[in-house]
Each structure stands twice: as C-alpha cells, then as structure tokens.
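Heads up, the thing below is written out as structure tokens.
Going by the order they are written in, the chains are A, B, C and D; count residues from 1 in each one.
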Amino acid sequence: MKFKVSAELAYNVKAPSTLILNINALRTDRQNIIEESLVLDPHINSEELPPIHGENRFVRLDIQQPGPIAVSYHALVDNYYEVRNHSNMPEIPVAQFHPSVLTYLNPSRYCQSDKLYRLASNTFGHIHTPFEQVFAITDWIHKNVEYLSGFTNSETSAYDTVTQQAGVCRDFAHLGIALCRALTIPARYFTGYAYQLYPPDFHACFEAYLGGDWVLFDATRLTPLNGLVKIANGRDAADAAIASIFGDVEFKSIKVSSEYAGETPFEPIYYTRHVSDGVTYF
Amino acid sequence: MKFKVSAELAYNVKAPSTLILNINALRTDRQNIIEESLVLDPHINSEELPPIHGENRFVRLDIQQPGPIAVSYHALVDNYYEVRNHSNMPEIPVAQFHPSVLTYLNPSRYCQSDKLYRLASNTFGHIHTPFEQVFAITDWIHKNVEYLSGFTNSETSAYDTVTQQAGVCRDFAHLGIALCRALTIPARYFTGYAYQLYPPDFHACFEAYLGGDWVLFDATRLTPLNGLVKIANGRDAADAAIASIFGDVEFKSIKVSSEYAGETPFEPIYYTRHVSDGVTYF
Amino acid sequence: MKFKVSAELAYNVKAPSTLILNINALRTDRQNIIEESLVLDPHINSEELPPIHGENRFVRLDIQQPGPIAVSYHALVDNYYEVRNHSNMPEIPVAQFHPSVLTYLNPSRYCQSDKLYRLASNTFGHIHTPFEQVFAITDWIHKNVEYLSGFTNSETSAYDTVTQQAGVCRDFAHLGIALCRALTIPARYFTGYAYQLYPPDFHACFEAYLGGDWVLFDATRLTPLNGLVKIANGRDAADAAIASIFGDVEFKSIKVSSEYAGETPFEPIYYTRHVSDGVTYF
Amino acid sequence: MKFKVSAELAYNVKAPSTLILNINALRTDRQNIIEESLVLDPHINSEELPPIHGENRFVRLDIQQPGPIAVSYHALVDNYYEVRNHSNMPEIPVAQFHPSVLTYLNPSRYCQSDKLYRLASNTFGHIHTPFEQVFAITDWIHKNVEYLSGFTNSETSAYDTVTQQAGVCRDFAHLGIALCRALTIPARYFTGYAYQLYPPDFHACFEAYLGGDWVLFDATRLTPLNGLVKIANGRDAADAAIASIFGDVEFKSIKVSSEYAGETPFEPIYYTRHVSDGVTYF
C-alpha cells in the first residue's frame, strides 16, 4: 500500500529553543520509506535521534534564531498489512509474552489501567477470547464516547474519559489501551498519517498484543484500518507527541495530508461485528 | 562498596499463575555482582528476561502448581560512586541531552509533571542552577511531606502527594521526579536495597540528570546515599514493581536485608544544605 | 413501626476539644420520638443545636477535660411509611419542583453530578420515567459495585466509585445521588439506624424526589427499606457525619443497634424488579 | 453606598425549558434595594422563589415558547459596610460558633477542604490568629495563582487550583474557602456586582467567619472591597450559579454593569498587608 503523506507545521520562535519533532514515518519490516524529505525554512541544525526503543524517529532542532519557522515533511511510504482470522487463534499466556511487550501492561500517564480492573472485569470479563474482548472494548467506546473536539485537553486521561464519555482520537485510544491492560492484554499507542480522515489531521489509535501480533484497533472508526502510515508507538500520548517544545515557541498552524498512491483501487477495511479478522501490519 | 543483600518473599499460589520478580541487583558499569543466588522453593521454571531498556532484570516464574512458594535472593554486590561538586558545572541544554534521557522528561502514571508546571516554576523557578533546583525540591518535600505508612496506596500519584503531603518513599520519589520534569530536568525512579534503613525494606528514591550524569536524590533522608544497591530504574513505580502478579497469588511475607561488607568502616553520606556535592554511581 | 435504637460511642480526649454528634433520631411528621436519652460519661456540657435546615439534630459537646468519654444514646422511635405505586404517577417538571428541593440538584463534595451527565444519559437516558430511572440506577450500582470494606475512605466520591466499582454503603449512596442529579432528579443523602443490618452499624442510603415525594432507595440491598430510623438528610456525607471532631480526640469504639419493637411481626420490604412501588416515610 | 447595577442576559430557547436565574441583588439588614426591575422580553411567567436559607433570590422562568429571550435586570441598591480592626479581637472557638455557620466548615463540590488539611496546616498553621491566617491565604493565592481566563472550566475545583495555580475569580474564591475550612475557619462563597471591575462581569470572592462576623476577602484584588453588591452566598459556586438551565437553552450574551451612585466621592478600600482591618457588610 503506497501513500504520499505530508505535514506542514509553522511556528513562531520567540527565544532560543529546542523543538523535538515526531512526524517522520517509522521504518519497520513492514513499512518502507521510498522517498522522504524534511525541509526547515529557514535552515536550522537538525539531528535525527537514534531510535531509543525502536518506537519513533525524533528529530531535534536547536533553534538559536528567533523568528518564524516552517517545517515541511513529505514522504512516499510503502507498507503492507495482513488480515488474520483470530477466531481459533490460541491464546498466549503471560508466561510466554515476548519480554518487550510486558511494559505495555503497565499503567501510564494517560492510561491508568490500575484503576479500571473492576470496571474492565465487570464489563468485559465474561467475554471468551482476548480478541473478542478488545473488539467489545472498541465497540463499547464507540457506542458510549462521543467524538467531540474541544471537550478534552492534553491533561485528559482514560480515567476521565471512561466517565465523561467525550473526546477526540487520542482519548479514544487511551481508553482502549487502559481497558486492555486492565484485562492483562498488552496495548500501545499508535500515531500516524491517516487516509480518508476528515478533516485531515494526524490520527491516534491503538494496537493490542493478540496471538503474538500487534493488532490494530480504532474505536473512533473514522478512518480505514488499512489507510494508516505509522509515525510512532508508545505507552501513550506522552511518548508520541507530534512536537515537544522546550523554550518559547508559539504554534501557528498545521496541515496534514495523506494520499493513496497505489496502482489498484483502494479497498477500505473497517472492522465489523461478528468477524474475527484482525489487521496487523506493524 | 561491598554489600550483602537479600530478599525473602513468600506467596501462596491458588491457581496457575505467572509471577514477574524484579529483585535482582542490576548489573551496570559501576555495580558488579560478585555472587548471586535465586532459590525458589519448591523449584519452579524461571526465566531471566533479557533487559529491555537496560533498566531492570526481570525474572519470570511460570507457576503451574498451586501451593506456597518461597523466593530467596542473596547477592554480594560491589559498587562505587563518585561525589562531584556541581557548583560550577556547566548546564546542559535540552539540545544536548543524550537521546536516551528524553523519555524521562515525559509525564508518567505517577508523575504528572504536565500538571505541575506553574507550581514548579512558582516555587523553584527562581533558583539558579538545575542542581540547586533539585536540591531545593528535595528540601521542600522533606519539609512539607510527612513520612506516614498507610496513608497512601498503589494508586497514589505525585499530583495527590503535592497537596496531601503525606506518604512513603515511593511517594516522595514520585513527587521529586514530577517536579524535576516540570522544570525540564530529566528524572527517573530508582528502587534498590538500602543499608541502614529502618525498618529494613526495599527503598525508592530518584535520580536527576544533571551535568550529563544521573545524580541520586532521596527526599526521605532515611538512608545514606552511598548505602544503596540498585535493582531497577524506570519512569516511575509502574516500571519497577518488586513483583507483578498475573493470576491468583496471595502475598504472604517479605524480609529484606542489606549489610555492609566492605573492609574499611562505612562512612555515610547524606546531602546537607549549602554543599553542592552530588552522588553519582549508577 | 416501632424501633428501639441505640449507639454507644467511646472517645479518648487528649486536649480540650469540641465534638459535634449527629446520632439523634430526627423528629419529622412521620417519625415520632417516644423516648430518648443521651448520656455522657463523665458529664459534659452539651447543647442540641437548633435544626438549621430541618435536616439534622446536632449535639455539640464542649469538652474541657481530657480523658475518656462515653456517649450513650437510646431511643424508642415510632415512624410510618407509605408504599405508593409510581407506575402511573405524573412526572413533575423542574418548573414545579418545590423550591426546597432545588439544592439537591446541585453537585456536592462526594456527588459530582456535573461530571456524570453523559454517562447517566447514555446509560439511563432511554428509560421512560424518573422512578424507573432511579430503579435502574440502583440496579446498576448493585450489579456493578462490589460491597467491600476498607477499599474506600472518607475522601472517596461518586466520581471514583463509578469507575473503581467497590465501596461501602456511603459510596453506594453517593453514586446513586450523583447519577440521579445528573438526570435532573433531586436526590439527597440519608443516614440512620437500620434493622437487620449485619454487622450492625449506622447505615447510609438515599432519597430521590419523585412525584413530589422523597422516595427511599438503597443500592446495597443490605437492609429492609421499612427497617430504617432516620438520623439526618444532607447533600452528601459531608452534611451528615456521625461525629465531627474539632481538637485532639481519638475515636475508640462504636456499637450500634436497632431492634424492632412493634406488636405485629415485622414484614421486610425490599424493592424487586418490575414492581413500581416506592417506599416513602420521611 | 449606593450603586446602580444591571445585568442583560440573552438566550435562545430551542425547546420548552426551565431557567433559574440568580441575578437579583440580595435583601439583607445591610443591603437595601431602593428600586428594582426584572424585565423579560418576550414576557414569560416568572416566579421569585422564597429564600430557602436566606442566601439567594432565585427567579424561576417556565418557558414554553421556543425563541430568543432577553433578560434585563436593573436595581438601585444601598448598602453599608463596617471596617473593624481584628488585631485584638478575641478568637471564637468552635464551641461558640453560631449553629448556622457550621455547614460552612464542611467540604463542598469545589472546595475539598478535607484533602487540604496538611497543606493548610504546613503553610498557614504557624500564623497566630484566624484573621491573619485568612489574610495570609489570600496573599498566598494572589502570589501563586495566575489570573487566567480560559484555563479552568466549570468542573475545576480548589484541589486542582492549589496545584495548577491558574484560574479566574471563581477559582480564587474556591481555593480561599477550601484553605479556610481546612483550618477550621468557616468560609462561604460570595457572588455579586462589582464596581470598578474590568472588564465588567459578575464577580466572585469569599467571606470568612472571624470574630463572629462574616468578613470579606478577595484574593484576586481586582475590585475594591467596598464596591460590591451581593447577589448570593453559598457553599461554593454550585449554590450560586447565575443561571441554571433545565432544557435546551443556548446562552447568547451577557452584559453586566455597576455604577457608583453615592453623593460623596467613592474611596476604594483594598486590604494591605500589616493592617488588621476587616471589611464586613453582609
């Protein structure tokens, strides 16, 4: 699946500052960067940080000169996904979880799974398989949480959203992650470019560790699951901020786009009830 | 500095379960494990997980047989520390932070630094150097937070402690970490064995990234800074639980000890006001 | 319905203090105090405060002499209740609510109804009548919240309980009240003596304003609805503390009892699904 | 002190609704309403509710007809205040508090004094008299909390503001009230018209019960203490909402004014440090 993605960010720097961007498409076994450019105007020293945990590609800008800055990222990305039927997939016990996934069982800043054990168990504990549990979680979120811009902010967490029942993609993802972890299903945050998302923006959803794979889920259902280009994973949004600002930098504007660049027509995949297919490509 | 450390843990397993222990002393450049044994009674299959981020040595037990289990860990550890004067140490800007420390600027489950910016800035912003800021933070915590067992629990976070002003070593550490991060000083959680801690127990404190080193701070002032043997680092206690239980396992008892095994008399180091020495050995 | 109720409280006063007790049975049109005694040992000046809002009978003790104090309250109370069928009762709009009930629509310390609008609406908004909504709320609480001593404390509020799903009678009442108010149904806290409650203790439940009456609901289902003797109403537990201590007073022990003193056999009433009878006697 | 006050509110009613307004100046021994008019356009049935606890004058509108509604309140009010020196005023113990003030010691929705005991005691406990404690509280709030529109919302409480340190007059008042109560000083919310407040709006501050009087405090210091016309008291903003909407009513605009209508020049009073004068006129 080829996608042309781009992000145009504009800032006004008021004093020497450091900016850490997290907008580059991730390189993985299943996501290949065919072409890529990151242009800074005016030119600024930038440094792509070595991937710490393989989860992101931070670019650090050391900005000495105040004034406006324009960031322009363009990439042509080729990724592929698999659809696997999870209906008869054997359940993997914690004793056999890959060590790298254990951290995704822990509560994190926006995913206080430790406070949701009873709720998760009362609501989803009776469901037979982990795949169906995660499916039911996303259904429950989709049904109960209203997609509403401006209701939540950068401090909002799953503990709030489970009760206040409104938010944006980030909040939907955090709640999904927290409920999975409360059921001992490793789950991690996903940010990326999304095809057919209106209005265009970065998107957030989550992956759950099922049958030894990371399977993609999106409780917002706003975008096809096979239209995503991954930027980063993390325990939650704290690990995957699009931009981290250290200093006095004013955000001005953002423009994000994603175009399908494949040769055959795009056939969107959305999960539907009663089908045990999971999408994995990350 | 040689220390003999030990931990005796007893559990009652009621159904097949997985237990992940995090009680082994860490191997680092400055902490050498001379001898070590981990005995499980009855014998259980155990697996030391490969260190994921160099921060811990998890041991995973796959317990099939219900019944009592005794865990006995003994080690002879040799570590060394440096005391460095930070009064004229050049300040390192974010633009030059080692990439591996950036994650320790993020808010985490128990350290909601994103909610403490104004408070940290109002209270500590006027202080000149990061070292003195962290020093003032530990002073402030020591003065305002009462060490009180049973007041807090495993859900208590820095956001609670900053107002409720009571807790145990874990809470003191979380608050110190959160305030550091709110001032753009990377900070991480530390758990270990502690010499001269009464009553004996595992201990928690924190490290701040200052002048390119991780410098140790302990707002509880309950134990000498040079009497510690490190078990793990992490973003907060969520990363460094002594034991993570998956299944039906009842905790029965714990006994922890640390003895000085050096040849020259032990000379305890505690921070004192107006001295800009920082202890680094990790 | 005659009940003999008693409360024996013991304190150790360490310095001159004020104690405000709220253990006397309330006098209402439907609750008559036949006999009553409040004995303090040693004798202390006490003052029954004039009822401020008709909701309680505070007794204030001005204790000058340190030492142990025993409080002994005994009363013979006669109250009566009505069981009314609410299935065809006309709904009263806010425009016709008695002015005195409006305060019970406001959020309060432990009942943050303002944070539960969406959850209440999503969960109970489709139900036709207010009576059936309150009924469904108590059902939902009974089903989802585990009665568990020691899990919550005096700071726990409905916002916690709705997610954490465990608590005691006070927590069940707070959650019921908060959900009612979120649906624009006035609701108030109730404390009292409870017949057939095991172990014997003061009890808390709540009243909802339905069809112009205050109707009793108890999501714990631990005690018959016609076995209660009212001590106080209030917006939540903050208004109806059994004892408020100002000074240095140590709580030592409590013993509460309630005996049926009627002439005909006691026939317990519990709400059952699919019956639209509401119990009102206050 | 004569003031001409007015409030112009506009709503768009989308479906039959009830609106409860709380904008009428309160009648008290020290606040006399010389002239007053409340005009509704179009005309709507309105009812002034009998004062429940003497704290407010609610006006209830039963709106059957959808469409725009304009509310116009005008009053000429004469009130007077006293300035009393509190430096040698005897302290009143809880045992002698007037029964009507005890409720203002309880925690409430936005003033969780029960969570602030240690902080209040650690920060203000060493100060000698209650008057000076309240003075120090307002100083502390003024110094540490930034007046910032849009940072907080209707769910923000003192527990948030004590840490997040930004907000509007309502948040300043809530924090002042919560800290007073945590020190066993009764405190209540105050809303009113404010002379010389820019931009003009309703104002909120608080009263503390000191020496047997309710003494006015305003941590915002945005308006002179003798320029206020009281609308309502309450435990916190939950009791004193300017307008409570039940139904589908859209708020459109608000315009508030207060003019001095006295014959002698207005001489503003603000508290200054080191003066023990308290302003009481309510």
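Criterion: a residue touches a chain if its C-beta (ideal position, glycine included) is under 8 Å from a C-beta of that chain, and two chains touch if they have at least 3 such contacts.
These numbers come from a predicted model, not from an experiment.
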Co-neighbours of subunit D and subunit B - touch as defined: none
Interface numbering overlap (same over half, different under half) for subunit A and subunit B: same
Centroid spacing, where centroids are CA-atom means, of subunit A and subunit C in whole angstrom: 47
For subunit A paired with subunit B, centre-to-centre distance based on mean C-alpha positions, whole Å: 30
Length of the line joining the C-alpha centres of subunit B and subunit C, rounded to whole Å: 45
For subunit A, residues that touch 2 or more chains besides their own: 115
Category of the chain touch graph - line, ring, star, complete, other: ring
Subunit B-facing residues of subunit A, complex: 18, 20, 49-50, 52-53, 58, 60, 62, 93-95, 99-100, 102-103, 105-109, 111-112, 114-115, 154-155, 184, 238-239, 244, 246
In the complex, subunit D residues that touch subunit B: 115-116, 118-119, 122, 143-144, 146, 159, 162-166
